[in-house]
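What follows is a set of structures for review.
Across the two complexes that follow, chain A remains constant while its partner is chain B and subsequently chain C.
Presenting the complex of A and B:
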């Protein structure tokens, strides 16, 4: 019945003008559906069968994208209420909680989706590493991905300040002072971010502008580039298949039962290379359907979190009364833990090395081995090194989050220490 | 063909679709269910049941269920208390059960100008009972207990201007008598041994303050402060008074209450303008004009106001000059004269030049909070562990025997940082004598010396 309704709508002048192609019935129409729809054409009309397998990517990149979209949606709605001024920001949070229709749930969704996005971007990066998806020809897309990871951290960090409560104020104070440890430019950089030497009105407006315009637009453009490059670099990484040599690639030797478009004869790092026709499926409906399922699952998880757990909101920011300990946002607590040992090593050397290593990785580790295979035995060394770094980061973050009490003293989370009151 | 391969996902699709849809419904329901709506419906029901005729019942039925709030821009407050307490301005609800109750005596503090939380504290923007009353995590200022409510008066009024807040006045009196500012600064005036007190009312709970007065080291380990010896009732009053030191930055309209017409402001003017040059109060002052002790019994306030504005219009031929007081000053002075009629005049004027030097010295002793350590009237007895002088701050009754006037002055000006130890192995005593150089005026010091010298009891000898 729905199908009938849809057909009726499509046959009207308006319906027909919006949707050029109806529900696809044939393969031709399936291809047309993907190509002629703005949203669907972001992915190819036909994809490799592997793409449909959940274990190929675990859907991590797509979940990150969905979280980004949820964040944009809820974020824009929140912008209708938020005023980036120290006099109003905190009161705004209270109004969202107490009088704005769906205000609290929107804020909760935004908050939890932001945390989840940091988590899923990291997981997505791990997936790309463990399946060797950064190897040629995907080196540059890996670099784009690293940039997106940094942008995600930046988005989360700038958003962290906006509620203007104690948690926000001191997390940003701690976070920006970590940046201040960089030699020569550190203090200048900190001043640039804060618009002063301490977190205040000018820091709030800077973080706000970065959070709602600069970083999201940058992220959106890079996401577009990222997706575009996935297609242009030959789709998702997959193991090499026996490729026809150049000489063999003549139409005479190709199966005559299939009609080839120009794209399918292309060479090099183009989408069709290495895909045998029988390995292809149409994106509509197999892939689209799975993608919609994943979207619903993501949305459901974010909604559940948002309904049952409120986003934190502490007392209004008080520049003269720091909490003990004052902690950066959780994804920087590994760094803060290192800074507790050595400001120079933790605040400068380690993060600089990490970013450099991530960017340089695909240019150093170039051999096409184990591409598209999880934990390939051929890449034992690389996988071990990466895993050690990852484990170290996780452990440091967990220690910084749960095992550090007042004065950064060691504590066990089930037996937290209490700060001795001064004053 | 391909559709068949999707068939296994259909249950998932249905399930997830229902889940997402259901969650959106739950979120919406949770958002729409707010406890203040129940209170408002209960109120409307009450109004309907009170309506005498069926026609009149239609009116309350039209009352909208919506957020009510008082926006007080000047105080930077949005108070939504009236969303549940809907009848604060309806006397017919007097004595009814909360939240529907009537707030008496609000004629001088209209709700639209003051809101609720400026006095009662709590979280004005909140619309749930627990959060609004401020009894939730991350809200530092829960509603003030009613027994401390008079502390709120002290935010805008001087305690001495407030006959209606006897608790605040009592607390203020004890604050002065106990000499708190000998060690603590308040509004920039006072000693340096203890922490400043501005804002302490906002940072401390009543329980903390009360415990602190009774036994300071119980809440502040190692505190040098001696316990304050007073009755529980007085300590409650002191707690209430200290709670009024909220350090809030209130806009001019509200704090101007401290300067406009009140007997206290009048009294200050009376001293400044030198009225005692001609007039007397309590037998002190000039004899050129009439004594003013009972002037308010002879004349009504209008007459007094008129007299301040233009003396000759009221008393033809008087020699009193016209001072060109402002309207506010005129009213303050009148209030002052009115207050004299039923005021005990002993020790009335704070430090007036017309007092005897010893009485002035006594006032200086009080002004600088010397009693905080040396006891009321120099009686001593304040503990100072491990000091050589019997582990106490020495009393001052016998200074006349141990010091010349100049030595005593020098002692007051220089202070004594190093207090001799009783047991050299134990930590130094917490209290010491601060130097008052630059703080006490020369005249004040002379008067203080006179007062201290006068403390020596006649016929008694020091027992050291």
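Presenting the complex of A and C:
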């Protein structure tokens, strides 16, 4: 029934002009669809069988992308009501909560999707590390990925000043003060971020512009580059396979239908190289189906979270009294725990070293060992080092989240200290 | 024309290249510099750092918190002094409790003279210059720092 309707629509002049190829039924049409459709051409017409297996990537990168798209969608909607002025911002939040139809759910979706995106980008990075997906020729794409991770954190950071509540105000006060500790340019940088000496109107409008246009556009362009490089660097990382022999290549094994992929032969590491025809499957319909399924699942999880849990909104920003304890969102609490020891070492030196190490990683660890294999035994040293850093980050985050009470004093979560009465 | 001369860049091409690259880089650099400078505001709409408070007699004995400046004003008989309430660590407002200042954000503790006792704060809380205006009111200048033991006696 639906298929008939679709065919009728495609047979009209307009329908035919929009969709060049109908629902593919033969292999030839599957290849044509992948080449001539804008959305479908983001992936090759044929992919390795491994790509269809969930355990190859756990879908982490794709989920991150979907979360980004959800954030763009909900974010644009929120922009219709939000005014980035200190007199209005908090009232707009209250309007979204109580007055605007579906306002609360959209804001919740935006908040939870943002939290999830941080989580999934980190998980995606771990996946890329533990399957050695950063080894040549994918070094640069790993660097693009690290930049995207930093952009994700930047988007979160600029985003949470906007509600102009207590968390917003004090998180930005603390965050920009950390920037002030950077050697030489620190104070100038802080002034530039805030557009003044204190967190106020000029800081709000600056963070707004960064949050709604500068960083998202940068992220979108880098995501496009990231996806493009995945293809150009040879598809998903996979273990080296025995190359087909010359005899195999020149006899019946030679794939007849490979002409569609000729433009991919521009580089030596294309998906077509080293794959035996029997290892390939068409992207349509199996891969496409899995991708849409993952999109549905991501959307469903975000929606359920948004319907049952409200995004927190604290009291309106009070530039005089910070809440006690004044905590950033969970993903910055590891950093906050570090700056509680020393702002310069914990807030500037350690993060700078970590980012440098992440960027340098694929250029230092270049031997093609264990590519495409989870926790390959050949990479024991690298895996141990990375896991230690990861564990340290997780432990610091847990301490900062659950084990810190008023005045940042140590407490146990099952016996919380009472908040200190403010004078 | 011998081979050596043939391999050299002709003067005209060299000069053209120089001119082209210099102007391109200059245009790029100048645009970037202008855009960067554009982002630095020339006028700030922020509270004045010099603040005229009430008359000395209007303040009670002991500490008074002045929220708009984030300053603690201390009175001891006829002597006045003013301490910053902004933590030198990352800018949170400190609380006055138990004979010292406590920062709620990262747990820095200062004693009554503003000196760091514990925590991550890199420097003590500064004390600000107090003067008396002609009409007999206290003037706090948060851009002028003084020593902890300097009192304004009225």
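Following the convention adopted for this analysis, the second predicted complex is superposed on the first by the 399 of 423 C-alpha atoms of A that agree within 3 Å, B and C clash if a C-alpha of one lies under 4 Å from a C-alpha of the other, contacts with A are read in each partner's own complex, and residues count from 1 in each chain.
Here, contacts are C-beta pairs under 8 Å (C-beta built on N, C-alpha and C of every residue); 3 or more make two chains touch, one makes a residue touch a chain.
Please read these numbers as outputs of a predicted model, since none were measured by experiment.
Student: Quick check on the superposed pair: does A:397 touch chain B, chain C, both, or neither? Answer first, second, both or neither.
Tutor: In the superposition, A:397 touches no partner, neither chain B nor chain C.
Student: Which of the two partners, first being chain B and second being chain C, lies in contact with A:303: first, second, both, or neither?
Tutor: first
Student: Look at A:56 in the shared chain and tell me whether it touches chain B only, chain C only, both, or neither; answer first, second, both or neither.
Tutor: neither
Student: First (chain B), second (chain C), both or neither: which does A:313 touch?
Tutor: Touch partner of A:313: chain B, not chain C.
Student: Classify the contacts of A:325 with the two partner chains as first (chain B alone), second (chain C alone), both, or neither.
Tutor: second
Student: Could you look at A:178 and tell me whether it touches chain B, chain C, both or neither (first, second, both, neither)?
Tutor: The second partner, chain C, only.
Student: With the touch criterion stated at the top, can you tell me which chain A residues are shared between the chain B interface and the chain C interface?
Tutor: Common to the two interfaces on chain A: residues 423.
Student: How about chain A: which of its residues touch chain B in the complex?
Tutor: Against chain B, chain A makes touches at 87, 91, 94-95, 97-99, 101-102, 104-105, 165-166, 281-282, 285-286, 289-290, 292-293, 296-297, 299-300, 303-304, 306-307, 313-315, 423.
Student: Could you pull out which chain B residues touch chain A in their complex?
Tutor: 2-3, 5-6, 9, 12-13, 16-17, 19-20, 23-24, 26-28, 30-31, 67, 76, 78, 80, 123, 125-128, 131, 138-140, 195, 203
Student: Within their complex, state which residues of chain C touch chain A.
Tutor: The touching residues are 39-41, 44-46, 65, 67-68, 70, 89-93, 95-97, 102-107, 119-120, 122.
Student: So in the complex, the part of chain A that touches chain C is made up of which residues?
Tutor: Interface residues on chain A, with respect to chain C: 170, 173-174, 177-178, 191-192, 195-198, 200-202, 319-326, 336, 339-344, 346, 406-409, 420, 422-423.
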